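Here come two complexes built around subunit A, the first alongside subunit B, the second alongside subunit C.
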Partner chain A sequence: METLKLNGVERQYASGQMPATLAALLADLGVDGSAVVAEVDGAIVPAAGFAETPVAAGQSIELIKFMGGG
Partner chain B sequence: MDTLTIAQRRFGSRLLIGTGKFSSPQVMAAAVAASGAEIVTVALRRVDIDNPSDDTLREIDREKLLLLPNTSGARDAAEAVRLARLARAATGIEWVKLEVTPDPYYLLPDPVGTLEAATTLVKEGFVVLPYINADPILARRLEDVGTATVMPLASPIGSNQGMRTRAALEIIIEQSNVPVVVDAGLGLPSHAAEAMEIGADAVLVNTAIATAADPVEMATAFRLAVEAGRRAYLSGPRAPLRRAEASSPLTGFLRDEVTKP
Partner chain C sequence: MPLTDEQIERYQRNIILKEIGAAGQEKLRSSKVLIVGVGGLGSPAALYLAAAGVGTIGLVDGDAVELSNLQRQVIHDTADVGRRKVESAQARMHALNPDVTVRTYDTWAQADSLGSIVREYDFVIDAVDNFATKFLINDVCCADRVPFCHAGILEFEGQLMTVLPGRTACYRCVFAAPPADPHGPIGVLGVLPGVIGALQATEAIKHLLALGDLLTDTLLSYHALTMQFRRLRVTCNPKCPACGCSHRPV
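Take a look at the complex of A and B:
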């Protein structure tokens, strides 16, 4: 098993099943990446970089988007 | 109405709208359109992994409206700076409404953390619009570090209490060299008009519109009130007097004057 921390919650993947990139991770989750910004272990990744950003076991990934707010 | 200029950008509307608490994105968009606002605030939050299709902002026309990301939820300067950087990475927008609110009950802004975060963000090239208590000295300090506006509160966020800080707001307006946007606590159009009448450059409203039974009609009411207040301010209102001052002539009364011997 491999583990990824996603928005503060640990997710388990069977060996070899973890998405290889942020873009693949978002597709796997059914999240439209165009309106999302990510943080991988604290480093900001804008949507344009999702396809080239590798995902690895043990990382902490935050997926963040805009919501209504004052 | 005369235009509002913030950081060299001109706006026809002096009403900023917050996009939180609306019953649907469609109602929010209709209310924003009715308000005439050209600046709308938005918040950054974690994607809901279990409901990823929720997209409040798809209704916002970014061609017509300036998105103003806020740092709501930040409890200290570091969290606010992190949120501002994320917002810029997500949109390319350098404008940020800076909020540092460690107290969950009154949501009052932390002046020390706000000044610290503003200093960092201005150095990083952000256009910073800081949410502050109505503190004239803090307003001056923020202006000195290069914020684009100051946004003093009228009363606590979402409280609808109106212009509780009026005396301090008047001092801020008198002394400020950057636009003063009265933010938070304006519950009625009359509150917004009062802020504009004393010379505020703009107001920001969210809860009063979003939670009204008819948000679109309330947005219209706020638009009219802001315009009325601005026009009144520009008209040069006279100060209150303790005694009456007749509006009608004090000569030519229809009575015989008693001539004294």
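Take a look at the complex of A and C:
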């Protein structure tokens, strides 16, 4: 098993089943990539970088929603 | 000028806090806070800051009160529908606390005018309802080095962070550029902006009185359905064009 921490919650994947990139992870989760930015181990990744940002076991990933209401 | 007997009575519960005292109350009276947006977030922020005795409160909003606002914009009354929001809010704040000077700017926050307004204040509350203006407030406050508290809401969720420009991560450090605004109104649980706007007022008072720990380099998120608050550490983006926090001394 491989583990990611996603928004503070551990998420387990069978070996080889972890999405390879942030874009793939978001697709997996059904999250609209234009509605969030990601923070991977403390570093912000904007939407433009989702396709080329690799996802690896042990990472801590936060998906931070854009909230425009007031 | 020392506090009057009436002020000592009005602010008794502030003053008996040893962290505030009469000196803190006088500090609040001499402080100026600008609230941009007098809607869901701005309503509780304006009411609590007026009640607390913040001496000068500026309100920026170019809109009129609509019936559909009243589900969450609790500073306005049914009889205010159609009235300018800044006037409606000013009247309620004066009724609550005649000590407070309320300055009104019946206009939309714009790049060419917001800077000159912001510079007159000690702290700014971002209570607007669109991404473009949230980024504008961030950029203007960063350029003029005016501390502010960002907040946003969406459906059942809210988030906020406080920015000390040049010293802590700004909104643009986290959210590099605005996404498209949604088409049409978004749903929002009416009490949600009450929670988040009250937290923004808390941050303003803490900053004015140098109390406690601000939500700097920290995005606080709140989910009303799970009742979870989460603090997320955020760091300055060295490439951020707005805040220059990468140049801060370490």
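Here is the rule we use: the second predicted complex is superposed on the first by the 67 of 70 C-alpha atoms of A that agree within 3 Å, B and C clash if a C-alpha of one lies under 4 Å from a C-alpha of the other, contacts with A are read in each partner's own complex, and residues count from 1 in each chain.
In this text, contacts are C-beta pairs under 8 Å (C-beta built on N, C-alpha and C of every residue); 3 or more make two chains touch, one makes a residue touch a chain.
Being a predicted model, the structure only gives us computed values, none of them experimental.
Visitor: Aligned on subunit A, subunit B and subunit C: do they clash or fit?
Guide: On the shared subunit A, the partners clash.
Visitor: Once the structures are superposed on A, label A:Gly68 by its partner contacts, choosing first (subunit B), second (subunit C), both or neither.
Guide: It touches subunit B and subunit C both.
Visitor: First (subunit B), second (subunit C), both or neither: which does A:Pro54 touch?
Guide: neither
Visitor: With the two complexes superposed on chain A, say which partner A:Val37 touches: subunit B (first), subunit C (second), both, or neither.
Guide: both
Visitor: Could you say whether A:Pro46 touches subunit B, subunit C, both of them, or neither, answering first, second, both or neither?
Guide: Both partners.
Visitor: See if subunit A has more residues touched by subunit B or by subunit C, and give me that chain.
Guide: Residues of subunit A touched, subunit B against subunit C: more for B.
Visitor: If I apply the document's touch criterion, which positions on subunit A are contacted by subunit B in one structure and by subunit C in the other?
Guide: Touching subunit B in the first complex and subunit C in the second, residues 7-8, 35, 37, 39, 44, 46-47, 62, 64-70 of subunit A appear in both lists.
Visitor: Where on subunit A is subunit C touching in the complex?
Guide: Touch list, subunit A to subunit C: 7-8, 34-35, 37, 39, 42-44, 46-47, 62, 64-70.
Visitor: Going by the contact rule at the top, pick out the subunit B residues touching subunit A in the complex.
Guide: Listed in rising order, the residues are 18-22, 25, 28, 41-47, 49, 52-53, 55-58, 67, 69-70, 72, 85-87, 89-91, 157-158, 184, 204, 206-207.
Visitor: For subunit A, which residues are in contact with subunit B within the complex?
Guide: Per the stated touch rule, the residues are 6-9, 29-32, 35-37, 39, 44-47, 62-70.
Visitor: Per the contact definition, I'd like the list of subunit C residues that touch subunit A in the complex.
Guide: Against subunit A, subunit C makes touches at 37, 39-42, 126-131, 134, 151-154, 157-159, 173-182, 186, 188, 193, 219, 221, 230, 232-235, 237.
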